[in-house]
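One structure is given below, represented as structure tokens, and several questions about it will come after.
Chains: A, B and C, in written order; residue numbering restarts at 1 for each.
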Amino acid sequence: MPSQELEAAYEIYTQYEGMRNVSAGPKLEVRQLNAFYGTKQALYDVDLAIEPNKVTALIGPSGCGKSTLIRCLNRMHELVPDARVKGQVLLDGSDIYSKALDPVDVRRRIGMVFQKPNPFPNMSIADNVVAGLRLNGVRDRGRLEEAGRRSLQRVYLWDEVKDELKRSGASLSGGQQQRLCIARALAIEPEVILMDEPCSALDPTATAKIEELIAELKAQYTVVIVTHNMQQASRVADYTAFMYLGKLIEYGETTALFERPKEQLTERYITGKFG
Amino acid sequence: MRSRRFLLDKVLISLVCMSVVIAIVPLASILYYVTIRGLPAMNPGFFTKLPPLPLPGAPGGLGNAIQGTLILVGLAACIGLPFGVLSGIYVSEYGKNFYGLTVRFLGDVLVGNPSIVVGILGFILLFRPFHGDNLYAGVFSLSIIMIPIVSIATAEALNLVPSSIREASAALGIRKWRTSLLVVSNAKSGVATGALLATARVMGEAAPLILTVGWSNFWYAGPTAPVASLTYAIWSFGTSGLQNWVNLAWGAAFFLIVMVIAINLAVRLLTRGRITYA
Amino acid sequence: MPRLVDMGLDKLNDMLLEMATLSENAVAASIEAYGMGGKGDKGVEVREWSKHLQTLHHQVSDLSMELIARFQPVASDLRFIKACFEISYGFYRFGRYALDIIEVVDIFGDLSKCDRKAVIETAHSTQKMIRMSVDAFARRDVALARGIPKLDDAVDDSYRENLRTVLDQKKDIRCALSANLILRYLERISDHATYIGESVDYIVTGVEPSH
């Protein structure tokens, strides 16, 4: 049982962490990014600045490159055979693609949640949440339990599952599984959370819960979300980027982009004139 | 015309049913004969006594053959399983390149390799240097047979694990080798199935043993001496003219079939309810 | 391929064009009545039109809400719906002021001996502005819309000029007062015409109206 001093110290720590995120410039800066699958090019000279402690949405029709772009932000793109990247992605000013950096370290600072909830099937709920810590060598039971509880509380899952932590991760409903995956990503204390269409596989109620969670998470983290649902982007995002055929067409504050887009292409897409 | 299609339907169904019967009959008759002939030989002496002298009515058992088979298969598994599982992991998790594809291809080829060819290899490499039957040659040959089977089965089982698990693990910043371990733990039953089936296979091999470990009428006597085995006994005793030896051969056949069935039942138990990962 | 929301947007457009015609006619009728010195009974017509315009305005409001709730429109569609609501209010006010003008004419009785030149001239300017605003909306013509405020100044000046003379004159109080009231209504109509122009600008360019 954590003492009160420990709790207080933790509060200060999280506030410090939150403040640490408020840096002078953009949290993530994409510079002249080109991405390839073998010989096929998927991204063309993308320049984008992701603001800290804000939600940025990537929208666009299928095949526009938004999923590719988000996977370049945490070096997941290069896990595909024959995939390569040209250009820079700066996290707090340092290029995550520099040879000096280990991709694994990048992914510990930039977490990801996927379209289809993917809790580890042969692990319990408790093991799932702390998997990122345990499988990276953390052995201290106390620390794991504490981290697990905190993460589950942050996604409002703690009360629902606290009596059933030993149950398999796959026994939860779709919405709960996705929140479990978010808790799992939060447990390793990343700075940025990437979400690739996190609500696509969920029903409207579960979707609403996740969206509310996203709005809360931005106080402590920077969130980038890919969505094919424009209304979702207009609900949750502070900034929206519209992409088409691998190029960034327009980027700006969500209200401005959705009320008076600057580019004709953006206007046509968001009013459904080419879907 | 409807009635013509109806008739065709009936004809085809009967053909299919007949084919099933034709296919099952040999299998059923094997089981029947082996049981009828082999069951009487099952007595405690079968397991504990040495082979009888070639005199009619002489008492004895195949204890040394059972011991020999267990030693040979056990040691072959000690070599075959680790190499097989590890190469299967490589092919599935690390081998999305030309080298990995080659390993996979060779594995597929070697699975169907005639075991007598493996026996010859063992003969040349390990029999001749020792100037006689020896354990090393036999274990070597059997493990060579096991490795591709286990490797392919492991690779297949791992391929069935959804890539979403690998993705989730990578996104958490977990190292590649640890992710691979995680994937393997999700395919445990598939890997175990491969291991068990490979074991059952080599348990029933005769040709390589004939060429490498030969036969001994005594208990296991060290790695540089011949080792008795059940399959050798079936071949050698079964074709002799002596009634007591033939009976023992049937007993050995029965015992072997029971072991194989037991192993297959174990495989069934392992994969129940989780067919997807088998 | 037309989108689901297009049917609603087209209906909105048609309703507004109907309101445009009605309000233009109402204003013309009321000015004509004044010009004829108060004779004739255009009053009944104008009253009917004004009432119809009010009903249409409420219908436009309801349809706008329905389209927003059902289709979550964005960008130009959203701006169009917002502007339609504002523009329909403008047309409704045209009708209302036309009614007010007719009532002045009715109440003040025979005005044939009054000097109605200033008012008639101003009325023509106002009617021109109405025409410009209707055309600008029908054709989404931003240049035309931006030309409307220039005429507004003349109308404003005419109203203030007349306001000053009301106190000076020893003329017939009926003529002076009726002229002043009607000029005031014309001034309000002109203001609304400029607002309509600004709303048309907003539809096309997204520039926020100043009012």
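Methods note: contacts are C-beta pairs under 8 Å (C-beta built on N, C-alpha and C of every residue); 3 or more make two chains touch, one makes a residue touch a chain.
The structure displayed is predicted, hence computed values, not measured ones.
Asker: Mind naming the chain pair that shares the most C-beta pairs in contact?
Answerer: A-B
Asker: Give the label of the chain whose average Cα location is farthest from that of subunit C.
Answerer: Checked the centroid distances; the maximum from subunit C is B.
Asker: Report the inter-chain centroid distance for subunit A and subunit B in whole angstrom, where each centroid is the mean of the CA atoms.
Answerer: From the centre of subunit A to the centre of subunit B is 49 Å.
Asker: Please compute the C-alpha centroid of subunit B, do the same for subunit C, then give the distance between them in whole Å.
Answerer: 95
Asker: Report the inter-centroid distance (CA atoms only) between subunit A and subunit C in whole Å.
Answerer: 53
Asker: Mind listing the subunit B positions that touch subunit A in their complex?
Answerer: Residue list for subunit B touching subunit A: 96, 162, 164-165, 167-175, 178, 182, 185-186.
Asker: How about subunit A: which of its residues touch subunit C in the complex?
Answerer: Subunit A residues touching subunit C: 230-231, 234, 258-261, 266-267, 270-273.
Asker: Residues of subunit C touching subunit A in their complex?
Answerer: These residues of subunit C touch subunit A: 3, 5, 72-79, 205-206.
Asker: Quick one: which bits of subunit A touch subunit B in the complex? Just the residue numbers, please.
Answerer: Residues 74, 76, 79, 81, 104-108, 111-112, 114, 116, 118-122, 131-132, 135-136, 181, 184-185, 188.
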